[in-house]
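Here come two complexes built around subunit A, the first alongside subunit B, the second alongside subunit C.
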Partner chain A sequence: MRLAILGMGHVTRALLQMLAERHADLYRRFGLAPRVVAVADTGGAAVHDTGLSIPELLAVKQRGGSVSALPGVGLPGLSGKRVLTECSAEVLIEATPSRMDAPQEALGHLQTAFCHGMHVISVNKAPLAAALPALRELAAYNRVEFCFSGTVGAGTPVFSLAQASAAGDEVLGVEAILNGTTNYILHQMHEHGSAYADALAEAQRLGYAEADPSADVDGIDAATKLVIFANLILGRAATFADVEREGIREIDPGRLRAAEAAGRRLKLIASCGETLRVAPQEVAVDSPLNVSGSLNAVSLRLRYGGEVTLIGRGAGGPETATAVIRDLVNIWQRIGNSA
Partner chain B sequence: MKFGGTSMASAETIRRCATLVRAQDGHQVVAVVSAMSGMTDALLELADAAHHGNRVRMHALLGQVHELHEQAAADLNAQDAITPLLAQLDALVAGISAVGELTARSRDAVLSFGERMSSQLMAAALEGVALTGHEVGIVTDDHFGEANPLMELSRYQVAERLGPRMASGEHVVVTGFIAATQHDVVTTIGRGGSDYTATILGAAIGADEIWIWSDVDGLMSADPRIVEDAHLLDHISFNEAIEMGQFGAKSMHPRALEPAAEYGIPVRMRNTFNPECDGTLITGQAPAGGTVRAALRLKGSALLNVSGAAMVGLPGTAARIFTALAEVGANIQVISQSVSEAGISIVLPASQLDQARTALERQLVRPGIARHVDVQEDAHVVAIVGSGMAGVPGIAARLFTAIAAREINVIAIAQGSSELSICFVVHSDESAEAVRVLHAEFGLGGGTHE
Partner chain C sequence: MRLAILGMGHVTRALLQMLAERHADLYRRFGLAPRVVAVADTGGAAVHDTGLSIPELLAVKQRGGSVSALPGVGLPGLSGKRVLTECSAEVLIEATPSRMDAPQEALGHLQTAFCHGMHVISVNKAPLAAALPALRELAAYNRVEFCFSGTVGAGTPVFSLAQASAAGDEVLGVEAILNGTTNYILHQMHEHGSAYADALAEAQRLGYAEADPSADVDGIDAATKLVIFANLILGRAATFADVEREGIREIDPGRLRAAEAAGRRLKLIASCGETLRVAPQEVAVDSPLNVSGSLNAVSLRLRYGGEVTLIGRGAGGPETATAVIRDLVNIWQRIGNSA
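On to the complex of A and B.
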């Protein structure tokens, strides 16, 4: 399988590392031998039809440079879109930063890949939240696979659980904690009595939160993931604009104390029933959704099976990289079956 | 708002349409336009003439296209936009003529010039901007001549591209009928045409209403040429409109109603030449009231009767009939079979009768599955339509009692399980009378309908 990877952030670096380490393992278990034939970062691209050297790619990023600086294969200034039209990859891995305010560029990457008959794995949430129904339609029209299991729950196989549940039962609704940063902040405020500002600063120090924490604390990240989930699992043709959203920015400590007095905890819950909603809500102390630290939890309400909850880490480079490999194996097996 | 070909017939009518767009104070309007009246047919013929190397006809048609558009462009001061398009068309036609080959793809390219030019004329009249269906984001598959929109993708792209332009108060004119594939190759969307473009755009931008301007006031309770007191239907449902879609060229194609019905956007049919009239409103739910809304007829049909005792109890006979008809591209309008299974009646357009008859004789009579294929030419289909009929007993009894009282012979009958309509076949001489009888029986006369 020939891969084109757009974006050289921490997920891609973890993925490259993993592809190198697990090469023999993937070949032995699945007959899968992924080769990276094109990569692009903000400085340009590197393309080689029989495969780029992973150690060289990682080394140039280690030095803080661009892959386009690699001798012989580097193409400074080449855009992601041009890379896709000019390389021979069968699968695109879209791993540029999720920019909810500007999904257009990444959307263009996905569209170009579909039009050229490439399968796509996206870890970028922004284009999906903006136009998932349109993207799935385009992928189906071009008869290519479109996977994005890393966008929700990272390495935790949230979609697999939900899809398996939905097959034999009926998913009535979902309550979930889809953002680890806000869960960490609320957890600190509840259990250690921290002030909001201190808890946020601590989250930033630990690398959970960005310098600009808006995407997390305003519920944007959780809403994005909820949209993807609703489309895939509940068959709703929803987009980001359909989500009612309330974040935890400067949340009133009084609300937390009131919840505690009632034996409950305040969590940023993404829910999907009649409507799509992200808002702080109280859960019982013994609820499976009362997870600590930066964990994520997804609780499905099934018609016959009752409640099923999956808890796991919802972010991180290596975690998300395992999701990409999971998607890659899935694509490999599906195209193998149909051939 | 969508403007049909007759509304786009000349500079004068185009100005009139522009006035109708401007008159909507406080509303943002997107205009969708058809090609100038007769232009689509002229371009089709032009493409064929070029293909067959008929140079005389080709130049005559090109001359017509030039003259019509150049004149309108001069009146509307749009030469700058029209001249280069005409030059492109000339080059394209010359190319087709030179290679003597006309693919569905190049035919669509030729056809697209009708709307590309009319949209420029309308934009000039409106002092707005003309965009193709492709430029506003409608993407289709690559079935040239009858392309299907990728609806979710189109909806997303149109909302992204048209939304900001509308918010800025710009007058946008969009070509009806034409779009493009994901690889930017021009396509035409076939059935439903510009109406379909209008409903796709309406659904994408979440329009308050979609207005379809043509040269009739709207849908009528019957054809006013045969029923004196036929009246304009002021409000019907999508289901009724879809059921009526087969009857009469001025109704909307069911395919064009689909996006509006799916996203619950009201459609209003109006008359460019009589804008005082409110026209026909089509929504998800029409007001309750009359059980029957309209009595209609479909002319130019023919009836085929396949019969034979050998058909009784023989599985697969119907499948053989339909396969035989599908192979010759026959469009089946009505089907009916008696429980005895000794005969199946099929109504189809008279133009397809001979081919269909031969196909059935070859595939059913020759192997001995059926004994006869009887033909009745000059059959008309008469129908009553109305969602109020569902679950109301006695409608069919009233219908056939009234018909029998006039001694009109009913040849075949069909009713779908949706109960939206009942239709039957009569001889062409009797169809007008049948419509009049039903129109009176169900009280559809002007103002007095139930």
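On to the complex of A and C.
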């Protein structure tokens, strides 16, 4: 399948590396031979209908340059949207930065792809949180596949678990830790008695948190993922505006000590029952949701099967790239191919 | 789809209840309308080509009788194998008791079904641990579906998780707690300082352990499940004889105290790396594998994505029945139907 990739951040770079490394493996196991025919970054695009050279793409990014500088294939200044209308790709991988305050550009990429009959894999959460119900309808109308398993839990197959559970049972509700940064901060505050500011600084030093940590500590990232989950798994036509949200910025250390005294720990829990909510909540110390460090955890409450919990890394370039490959394999199989 | 069910234990009774309760739901969501056309217990069978009455089947079992006593449809003394050759079912659900020492009868059921072009859902582990590679080949040769997700983790979709992980990543190895009874016993010994005999007696009182607890405490049940997992997920043509096995019967309380002093806990771990092995092993107290009570946990070691762990109940009639329904929905969809 021919791929167009918009955005050249750490997920895309890990994906390109993996596509090169696993070329023979993907063909052997699934009969799948992906080819990258278009890429775009902030400087422009590179397009070649018989496939771009992955080592050249990685080398130019390694040097801090734009793919549009590549001789013969580079197109400086070409927008992502123009790339989609002018290349021959069958699948768009939307991997531009997730900007909750400005999802329009990425939304435009998805809409353009759908209307041109392209399947879409999005690792960008922002357009999904803004308009997932409308996007799913547009994909269905154009009879194309729309996958986004890398948007929640990175490589951990959260959606697959939930879909499998829903096939035989009924998902009544969800409680989840969907943001590793805040879990790391709360874990440091509980287990090492760190102050909030020190735990945040440590998370920033380790690369878990951004210089501006608002998206994590105000619960925006978790709320975005919760919206996607609620749409896909619980059939709620929800958007970001439907989530009640409380972050951990103002967390009172006394509240943590009180929880500890009761054999409990404070976690930033994203929950979906009657309402959609992100807020600090207590969990028992032996609860499967009491995960350490920057791990994520999703716990489904089932009608017959009780609680089922999936724990894994919730972030990372290579981890998220495996979700893109999983989506690609799924699209390939759903449109009627198998090895 | 028309179902033949062999075995009328607690899983079958929960399944019948669920098929009755969820009839409209399954039709609405999947276009699936299962009908039970044959059942068998130790006393004989009941067969009716347009469908047996579920309330009547449940009532006769409630009274402690055999389905073969049902007027008009009962066939005293008819064997499971004869049922399969004489009914019109498209799917066999093999739910006779799992007997590792005598898997032949259940093996015969599966083989007969395959050779008559029936799809098979097995919740019976014994024939699978004895001969899974040969059974999978026989199913493939006869071009029928063969599902057994209820054999490992009851309703927890362990195989779905592993298959989804394997699609985008590579499963390098597995560490798992596949037996809830031994986990309960070890948990009691660790957290309440119970003696082995007392913890076992308590597990028996709660219905977790049988009067003869060998299958659990000698690691036989866990080894059986490990074999199934290794075949399906890791592509190993293994049988029960390939598993190194050490149970918890002779466990030294001193070993538990030493583990605790090092911040660790002893668990009966089923692992699949170079070799297949079931043995008591230590895990860190904050490891996702340190699950409490009778929970099960499966941890996959992935090439790119690190550890992914799924935690859920590992036993129970209704739980296992949801796995049968999931398998049924999967078969229905794989043979080309959707709602």
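We take it that the second predicted complex is superposed on the first by the 335 of 339 C-alpha atoms of A that agree within 3 Å, B and C clash if a C-alpha of one lies under 4 Å from a C-alpha of the other, contacts with A are read in each partner's own complex, and residues count from 1 in each chain.
The rule is short, and it goes like this: contacts are C-beta pairs under 8 Å (C-beta built on N, C-alpha and C of every residue); 3 or more make two chains touch, one makes a residue touch a chain.
Because the structure is a prediction, the values reported are computed rather than measured.
Number of subunit A residues touched is higher for C, counting subunit B against subunit C.
Contact with subunit C, but none with subunit B, is seen for A:Asp286 once the two complexes are overlaid on the shared chain. Of the two partner chains placed around the shared chain by superposition, subunit B is the only one that A:Cys115 touches, whereas subunit C remains out of contact. Applying the stated contact rule after C-alpha superposition, one finds that A:Tyr141 touches subunit B and leaves subunit C untouched.
In the superposition on chain A, contact is made by A:Ala237 with subunit B only, not with subunit C.
In the superposition on chain A, A:Ala154 contacts subunit C only, with no contact to subunit B.
Using the contact criterion defined above for the overlaid structures, shared-chain residue A:Pro133 touches subunit B, although it does not reach subunit C.
Contacts of A:Met100 after superposition on the shared chain: neither subunit B nor subunit C is touched. Within the superposed three-chain model, A:Ser165 lies in touch with subunit C and out of touch with subunit B [touch as defined at top]. By the touch criterion stated above, subunit B contacts subunit A in their complex at residues 141, 150-153, 155-157, 182-183. The residues of subunit A lying in touch with subunit B in their complex are 111, 114-115, 130-131, 133-138, 141-142, 237, 239. By the touch rule above, subunit C contacts subunit A in their complex via residues 18, 25, 154-157, 160-161, 163-165, 167-170, 286, 288, 291-292, 295, 302, 304-313, 318-319, 321-327, 329-330.
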